[in-house]
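To start, I am sharing the structure in question, which I have written as structure tokens.
Going by the order they are written in, the chains are A, B and C; count residues from 1 in each one.
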Amino acid sequence: MKKTPALEFHDLTVAYDIKPVLWDVDLSIPEGQLVAIVGPNGAGKSTLLKAALNLAPLSSGFVRVYGAPYPEMRKRVAYVPQRESVDWDFPASVLDVVLMGRYGKRGWFQRTNAADRTRALDCLGKVGMLEFADRQISRLSGGQQQRTFLARALAQDADLYLMDEPFAGVDVVTERAILTLLRELRDTGKTVVCVHHDLQTVGEYFDWVVLLNMRLVAAGPIAEVFNTDKLQATYGGHLSILERAATRLLKDRRGRARDAR
Amino acid sequence: MSPDTVILLTGSCAAVACALVGTFLVLRGMALIGDAISHAVLPGIVIAFLLTDSVSSLPVVLGAGALGLVTVWLIESLVRTRRVKEDASIAVVFPALFAVGVLLVTRFAHGKDLDAECVLYGEIAFAPFDTMTLWGMVISRPLVALASVAALNLVFVVALYKELKIATFDGALAATLGMSPVLVHYLLMGTVSVTTVASFESVGAILVVAFLIVPGSAAWLWTDKLHWMLTIAAAIGVTSAFLGFHLAVYWDASIAGCMALAMGGCFVLSWIFAPREGLFGRWNLRRVTRERFAEALLLERLARAPGNATEVAAEFCWTAEQVARHWATVTSQKWITATGNAWQTNEAGRAQIQKIVGD
Amino acid sequence: MVAAMDFTLFNVVLGSALLGLVAGALGSFAFLNRQSLLGDALAHAALPGVCLAFLLGIALDIPPKQPLLLLGGALLTAWIGTLAILAITRTTRLKQDAALGIVLSVFFGAGIVLLTAIQHNVGAQQSGLDSFLFGQAASLLPSDVWVIGILGGIVLTVLGYFFQTFRIVVFDPACAATLGLPVRRYEILLTTLIVVAVVVGLQTVGVVLMAAMLVTPAAAARQWTDRLGHMVMLAGALGAVAGATGAWASSLEARLPTGPLIVLAATALMLFSLLMSPRRGLFWAAMRRAANRRRIAVENLLKDLWRLGERDGRFASPRAVSDVMAVRAASMSALGQAQSSGLVRRNGTLVQLSERGLQHAARIVRNHRIWELYLSRRLDLADDHLHRDAEDMEHALDDDVIEQIDEALGRPGTDPHGRPIPRGVPGSTVEAAL
């Protein structure tokens, strides 16, 4: 029996005004993968995530999450927005923000309880932020802000994690820590989909890649689709970046082959 | 001149003076700074009134106008402390200054002909009777004041047209071209302040906001060209002044209030009927766009593999009526060619996809 | 105090304080949502509603100044105003600021038209309607205070109930939507609460000054705390204090309008908070900057003394004050400061590094030179750019960082200009004290 894909887009077209942002995207992302969405600026990467979350206006097509429309599967999906999308000067502590991840489990007239608090602290521990639980969010570094968002997503206990540039503007230590965490999630059968901007690390970090430039250029396991031809088709003429990425990719492959031996 | 003519001319001059500078406020996203200035000049006007017993002499206009610049500077300084964001800075600064003004009016201008209500909506009906002698002619003083300001604003906009245009649309470019966006900014703010003070006794501190913001906003819905925006805004201002005057006579109500209301009416009409930005225009554009998208999707499908209407209908989640409609369009436009029962997108069809997707 | 207050005044003060409490608490959310001027627009948009309700009262032959009737009318048009703002920003290219300005001024124009038409046509009965323009706290009746109290109580109860939800809806609406919260409905609820607070406030402070009642206490409270709960409570408390103070002060003399005094009291609280709050206060920030400047001046003085010592190898020998001052127009106050912290000793026109001063100077010079070396080796900066940069950094770098850089550079002996990097105090060169 074929497993239900974690996330499917059928003939998806999204237009904010007159120009389409995403055009006729047909894509199905399998469960249990660590997936990168890659493409040039304005390629519709963030919009693809937003379309999955019902946050973007669909001109045609539809989205399925674990085989059902998103509203039915809402509790199984967690979203990590771009760091800049919120006002970090907002008067809230790190724990306050992580607790927000638990609101989805509560109805209109319920409040978060001690169990939610324990779970939130637990998630903060996983991202190495336990000691900052009471810290005001405006006094966090970029990396710590990203970890806070990640902890909030973990607190949602979801199966599918959609993340908008989780590695943008974070320090090297945080980048490693986030990567480890994402791999742990994948290893427990969760699906993680990240918008990613650094071509050089795609091959090393992810299992699966979606190459997007308004239309879907290619999607599949890294080894099958992440090559210079496809990148060229995605990015057009910016060869220098591509070549560096490709060399890096080759090195990684050779390295992995060596490790395997 | 008959009193009615004087009132109409005064109202029109106020409308033109405000529309010319207000258009830039709207374009620069500073509509509420205009609101703040118009309130915050009040203490300046009151102090000047108490000192000179008049509200439209030149020293008053300049002195109170300077307070407008101080307001802008105060708001910007508060934002620069990074303790308060811009919207909150505006909301903290102008009520405080306005409160000082109201306090001064109530406390010291008691019994003189400046009262708290005239602060809010002015009294343009008095314009014909407040006269001065100019070159041997007896003429309405508010009319002279507002006509001068309107002329001044026209000269300002024409003389600095290029600078205002570039500083509004691309401050960084203006700076690299050797213009000073900051100077242009403060000149504009100074002009807004002077205009507000000059309009004060005729339309009051709050209704002047309508004169500043509404015509420019309405004009932006009709055109993208700056010179047309300015022209349309001024035209809307003058039309509203005429309409408002007649409404006021009919209802026996505040003339300036009716003029503001007429501007609101002009805005609503623009909002509904403007060709591209209006509600009808947008609704129509969205409908047409949706059709073109659907047709292009159909062409895209037939470019990948040949097929016929029945197959396509099964693949797309479209109603039979939708499929028939789009199919009719692509065949009548000769965007697809048939080989037997298998239709395929031809060169013209591919060009059409390119035109719609346009990457 | 209260005993001396007559009943009417007590009434007015209580009503104003209640209004301040409700407006301050709700204003916190408008403040954080960057919608500070929404309250302003809504207050203006309420004016035509008040007038229409008055006309309705006359038409139905009920007392037209019934507070609930007027509030109902105000709520109605304020609501229409809110919808108009939303519709304009959604369906046109105009931004929030223009939408607010249009609704504010056109609705106010409509209000003025109705108000003057009522004044001219209905006549005597109108007295009191124009109190909505500037507010007339002095005319608050006990029944008005009851209305404020009950509506305010309802508003605050709802706010308390949905506090956690409002927090996430305001902080991160996209995330709130993905959590399955009906974001649009909560936003509407929050705006409705603000409309109620605005309408309640019209009678007391009036249309124009209502914006300040919402925002100023919130901006003040934000300076004192980083917790939303504390901020909301504090904003309410500050609003209540401003309301009570303004109302009381306006009773002291004739012709002191209540609304402006309340707003000025709130502004004073805001200014005090902006300057004096412990962590965010501008006064303390300025003090810290000044202290930092003084420290840098002292450190530069020590460094100059050290450099003079490098010329002849006698680091601790007394130098003429005028020579030291000549190096970089140093101020006498820096000298006094260094002297009182025991870093230098001074005797008449001679000045000399103390034991502690020597250690300190050696450390600063070492930091400066190691940093220069690091810049030149690692960043390939031209030599003439090094000094200025090191000049700024030497005061900011902590010893741990310098230690790490020093180790990474292999504990070098000289800086890029060939000058020695001091390691420890040159003990042999210490000379007898003056």
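Quick notes on this one:
Criterion: a contact is a pair of C-beta atoms (placed from the backbone, for glycine too) under 8 Å apart; a residue touches a chain by one contact, two chains touch by 3 or more.
Keep in mind that this is a model prediction, so the values were computed, not measured.
Traced through touching neighbours, the fewest hops from chain A to chain C number 1. C-beta contact counts were set side by side for B-C and A-B; B-C has more. Between the CA-based centres of chain A and chain C the separation comes to 36 Å, rounded to the whole angstrom. Centroids of chain B and chain C (each the mean of its C-alpha atoms) stand 30 Å apart. One inter-chain figure worth recording: chain A and chain B are separated by 41 Å, centre to centre, where each centre is the mean of the chain's CA atoms.
Shown for chain C are the residues that touch two or more other chains, namely 34, 222. Touching of two or more other chains is recorded for no residue of chain A.
Residues 11, 13, 15, 18-20, 23-24, 59-60, 62, 213-215 of chain A touch chain B in their complex.
On chain C, the positions that touch chain B within their shared complex are 31, 34-37, 39-40, 44, 88, 91-95, 97-98, 100-102, 104-117, 120-121, 130, 133-134, 208-209, 211-212, 214-216, 218-219, 222-223, 255-257, 259-261, 263-264, 267, 270, 274, 280, 282. The touching residues of chain C, counted against chain A in their complex, run 32, 34, 161, 164-165, 167-168, 170-172, 174-181, 222, 225-228, 231.
Contacts from chain A toward chain C in the complex involve residues 53-55, 74-75, 77-79, 81, 85-87, 90-93, 96-97, 99-101, 103-104, 109, 111-112, 136, 138, 152, 156.
Residues of chain B touching chain C in their complex: 26, 29-32, 34-35, 39, 81, 83-85, 87-88, 90-92, 94-96, 98-100, 102-103, 106-107, 110, 116-117, 120-121, 206-207, 209-210, 212-214, 217, 220-221, 247-248, 251-254, 256-261, 263-264, 267, 271, 277, 279, 282.
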